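Presented sequentially are two complexes of subunit A, the first with subunit B as partner and the second with subunit C.
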Partner chain A sequence: MAAQTLAEAAVNEGNYAVAFPFFGAERRGAPVLAFTRIDSKKIFSKTQVYNPDCVVVLDDSLLDTIDVVSGLKPEGIAVINSKERPEDIDLGKIINTATVNAISIALEILKAPITNTAILGAFAKATGVVKIESLEESIKRKFGEKLGEKTGERNALAARTAYEKTIIGKSRGIKKLEARKQWLPTYQEMPVGGSLIEGKTDAGLIGPGSFIENKVSGWATYRPLRDREKCVMCLLCWFYCPEGTIHRISNRGDLMTNYDYCKGCGVCANECPVDAIKMVRARV
Partner chain B sequence: MITIKELPDENLFTAGHTACPGCGVAMSIRNAIRVLGKDTAVYVPASCGVVFGTTFPYGAWKVPFFHTAFENTGACLTGMQAAFEKKGKKVTVVGFAGDGGTYDIGLQSMSGAAERNDDVLYICLDNEAYMNTGIQRSGGTPFGAWTTTTPVGKHIQGNRRFKKNLGDIVVAHEIPYYATLSIGQPLDFIRKVEKAKNIRGFRFLHMFTPCIPGWKMDPARTVEVTKRAVESGMWTLYEVENGEKRITYKPGKMKSVKDYLMMQGRFRHMSDEDINALQMWVCKKWNLHYKEKGSPDICEIAPPEEHHAVTEEHREMHGP
Partner chain C sequence: MKKVITGDHAVAIGAKLCRVEVVPAYPITPQTLIIEHIADFVNDGELDAKFLTMESEHSVMSAAAAASAAGARVFTATSSQGLAFMHEMLYATAPLRLPIVMPDASRTLGGPPGIWCEYNDSMGARDSGWLQLYVEDNQEALDMVIQSFRIAEDKRVLLPVMPCLDGFVLTHTVEPVDVPQQEEIDSFLPPYEPDIILDTARPAMIGTFMPPEYIMEMRRQTAGAVESSKEVIQEINSKFAKKFGRDYGGLIDTYRMDDAEIALITMGTVTSTSREVVDELRQKGEKVGLIKLRFFRPFPSRELKKAVSKLSALGVFDRSISYHGGGQVYNEVRSALFGMTIPVINHLAGLGGRDVTKEQIMKMFELTRKAAKGEKVNEINWHDTRGETV
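Now for the complex of A and B:
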């Protein structure tokens, strides 16, 4: 939606633009991609963008696992949703970088961790490809049409706030990000019928129960905090947790939460009969 | 009967799976497998359950797991059970199919297994649409609900058909055990899964599992919404054992269905006329299940309570 809104703003300024998403899993939390091409001439290329002039990162936890700037042109710019300043961000090479704390802006103005409109404001500031005024216009129209006028205006305000708060600088280039290892068996090693038994490879566990190595804490905007004094050990949170992050310590009669697997849904806090659990911001 | 405290702590469906935050299916699967224990073999047809539970070569299951096509849950369970029997192993063979894989696509296969009365446990995770492929209408979608194939337009708003009565279709096969479950009633949930585990023959558990993106709701309210569904009569908790029906939980006073609907974005467009039509359907269902013989029909709709769960802000944020 943000990619389309941006394209629309560019078109309104008299340019040509195309926007399209990368087709992937229809599920929350999965990393997704969307592309926008803007030109003053007619655009004939319909492929994905491999060497962009600008990369927009909506979630800075991706920086730890994916080399987001690998295809970026040397004179290009990376726009990142982060609370850090550009010089504190390590992208593996020194490159033009703009940062904005879009999640705080979104929580403040939209009351929800939806950052796509705010980050558009940062994009306008960092690149100057579109004017913030035309961006506001197209956000108001596009979001207002679908979600009501008030929401449209609030999203436009989020973009404007982000535009004003964006910091532009250079990133650091110290860390070497290794590509994530994958288990790539040869055809002889491939099990018959795709059946798998528990195993360990260079790339980590495979087979039954191997999802335990998949840390999903990056999904969470909030995380639960339990008040031990108030807790009556009814175990409802343990029962309801869809992730299995809450463990019982049987010999002490206590509970323990493993935040590595918490996605911050808030079911435990909502269902706690004595209100012993409250949700707090996960990464501030 | 097992209580919550007596359930084992071991995760047979491990953490780190990739379901959406607050997923009702993940919740139901976890707790069902907790009760069923490790002598279980699982079959899952094409559904969210297979996407978030196993992404080759990774998997969250710690019990034998099998997956092939969409429409053959019943047939696969039969085959697995036959193989275990031949090998002389005592294993609970259980299939977790979605509502699409049971109401529409897998109906013939399920019917075959039920007719043969094979010794398998069939679990239907009913989230009322094809959620895995991006929210398309299924036979289980209730009246008025928005899906991508029943969009909200000027003339027609949402699904025009009522939810299929799968319970009666399954019970008509004269199977030993059929029960409806909701994660909002934990003790009832555990008791029914345990009971189904210990009965021989074709057993069918029908679970009500909210879907956060498909129902367009707040992830923290997964359990709350199932409770409201039961209180309003949209979902009824009962079991049929050898043809004898027993209501396992009867809500006190019938709550207006509007309370339940307004928690979810998929119903928020509904006109008063449509809500009344759905309310009439619920009343009919309520009287069918809860009314005692000879007593008058109940359909007193109290004026809807002031509802705090969905604020104006929330509505704007998540759209109509």
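Now for the complex of A and C:
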């Protein structure tokens, strides 16, 4: 929705714009990709963007696992949702970088960890591709239409606040990020029918159980904290956890949450009949 | 009025502007937004239509056939497995000459299951008697819903029409779309007035059992209607262009073909990207052109033959495979060009939704150029496919 809002703002300024998401196994909070192209004339290219002028990162935990600037043009700029200043962020190369603590702004103004409108404000400041006023206008319209006028206005305020708080500088370039390995068989190597049994490749596990490598703790904004005193061991949380991250330790009559696989959805806290589970901020 | 909207939204607005009367629907990604928007229009009183939520796609097409036979302007939309599920009823609607319009959000037909763009869903319906067209942007998606109704309801045609738009690449992509005014569409598309309908006041039989002594004539008649749709498509394209200023070329469109030595035939959004590639190659002095296959049914054999007459080689892009070698478009094109001596090679790319990049399209031109020079090239080229060398 942020990419679409940006496109609309650009079009309202007399430009042409195209915006599209790349759909994977999406859910709110899961890593997703979206692209926006802006030009003064009609855009014909319908491919994904491989060499952007600007990369916007809504979740700085991705910086540890993905080389987010690998395709960025040398004169481009990275816009990152982070509490750090640009010079304290290591992107593996020294590159134009803008940062803003969009999550704090979102929590303060929207009362929810949804950073997509705030980060648009940072984008406007960092690139000047669209005016903040145009963004405010299209955010109010687009979000207002779907979620009500008040929500539209609050989101516009989040963008404006981020715009004013954005810090522009240069990133550090010390760490070496290895390209993410992916199992990519040729058609000759592809198991017949694509059927997989448990297997190990240079790029990691494949087949049943391979998702054990797919740690999702980075998705979580909140994580559950259980109060042992209040807990009556009814096991509703264990039963309802959609990811099976809550384990029973039978010899101790206790429960344990594996935070590596907890996405912070809050279902356990919601289901707990004695309010023994509180959702607390996972990251600041 | 300019609106920045998704392809699905554009299609739904197109249907609304056509004042569709019955919309039986079943949601499926990436068509879902079309149905959601239609549901909103009906709910908000912007569209006076009967919106029917059915229990399956088979029921959708059954309800669509019944409503159309009762004289209503019927619209629905589907995709992939949904289209496959209504396959039986597709074959019922065309010979009964029911002018239903149903956009297909192009999506791979499993297995393996996937949600991304491929044409193997709609290609399976090519012999059902439905007219089929492929669009390259959201504007064309909206405009072709409107043209589709006018083509479908023309007394010389009376066939259902399936405009296909690339799943996600258009369905979920926003771009500026010029939305026509209601009055403009009202004056372009007259109300649907069929001669015979299911009406208790004037009893009729539609879709009855037919023994062998009638069916040959029925088939011949349907084949004739598909054939005469060619003329109607061109005519309506011209009328639309005159009124709205957007000329899509009719059955095919050509780009920089005037002095082209080699060309690609493309469908859907790859056409759009290819336009930029053609411009880039032209800038380097290469005489390349582009032929956009807009309608796959009816198949524009005569128009293609004319368009390629001066070429020294032709490349044909396919986004689906017929499992006996090449793609469906390739086989149709070769059949259409039978007797011509230029090399024609097949470029398979983007199956299952893999991104068709400019580099891949460059490669398609490069291989086609080699074929033109008489160099040895594969007949079937799998682009960006691990284990294949192109």
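Assume the second predicted complex is superposed on the first by the 258 of 284 C-alpha atoms of A that agree within 3 Å, B and C clash if a C-alpha of one lies under 4 Å from a C-alpha of the other, contacts with A are read in each partner's own complex, and residues count from 1 in each chain.
Just so we're on the same page, a contact is a pair of C-beta atoms (placed from the backbone, for glycine too) under 8 Å apart; a residue touches a chain by one contact, two chains touch by 3 or more.
The shown structure was predicted, so the numbers you read here are calculated from the model rather than taken from an experiment.
Asks: Could you say whether A:Gly194 touches subunit B, subunit C, both of them, or neither, answering first, second, both or neither?
Replies: Once the two structures are laid over each other on A, A:Gly194 reaches both partners.
Asks: First (subunit B), second (subunit C), both or neither: which does A:Gly266 touch?
Replies: First partner only, subunit B.
Asks: Between subunit B (first) and subunit C (second), which, if any, makes contact with A:Asp60: first, second, both or neither?
Replies: Neither partner.
Asks: Where does A:Lys150 make contact in the superposed view: on subunit B (first), on subunit C (second), on both, or on neither?
Replies: Touch partner of A:Lys150: subunit B, not subunit C.
Asks: Would you sort A:Ile212 into first (subunit B), second (subunit C), both or neither based on which partner it touches?
Replies: Only subunit B is touched by A:Ile212; subunit C is not.
Asks: Once the two complexes are aligned on chain A, which partner has more residues of subunit A within touching range, subunit B or subunit C?
Replies: Of the two chains, more subunit A residues are contacted by B.
Asks: In the overlay, answer first, second, both or neither for which of subunit B and subunit C A:Glu13 touches.
Replies: neither
Asks: In the overlay, answer first, second, both or neither for which of subunit B and subunit C A:Thr186 touches.
Replies: The answer is second: A:Thr186 touches subunit C but not subunit B.
Asks: A:Thr245 contacts which: subunit B (first), subunit C (second), both, neither?
Replies: Only subunit B; A:Thr245 stays clear of subunit C.
Asks: Between subunit B and subunit C, whom does A:Glu136 touch in the aligned arrangement: first, second, both, or neither?
Replies: A:Glu136 contacts neither subunit B nor subunit C.
Asks: Identify the overlap between the subunit B-contacting and the subunit C-contacting residues of subunit A.
Replies: The overlap between the subunit B and subunit C interfaces on subunit A comprises residues 194.
Asks: Please give the residue numbers of subunit A that touch subunit C in the complex, ascending.
Replies: The contact residues of subunit A facing subunit C are 4, 7-8, 11, 16-23, 43-48, 50, 184-189, 194.
Asks: Subunit A touches which residues of subunit C in the complex?
Replies: Interface residues on subunit C, with respect to subunit A: 2, 4, 30, 112, 115-116, 136, 166, 168-170, 172-176, 269-270, 272-273, 275-276, 355-358, 385-388.
Asks: For subunit A, which residues count as touching subunit B in their complex?
Replies: Subunit A residues touching subunit B: 25-30, 110-112, 114, 146-148, 150-151, 154, 183, 194, 196, 205-216, 219-220, 234-236, 238-245, 247-248, 250, 258, 260-261, 263-267, 269-271, 279.
Asks: Using the touch rule from the top, collect the residues of subunit B that touch subunit A in their complex.
Replies: My answer: residues 4-5, 7, 9, 11, 13-24, 26-27, 30-31, 48, 51-53, 56-65, 132-134, 183, 186, 212-213, 218-224, 313, 316-317, 319-320.
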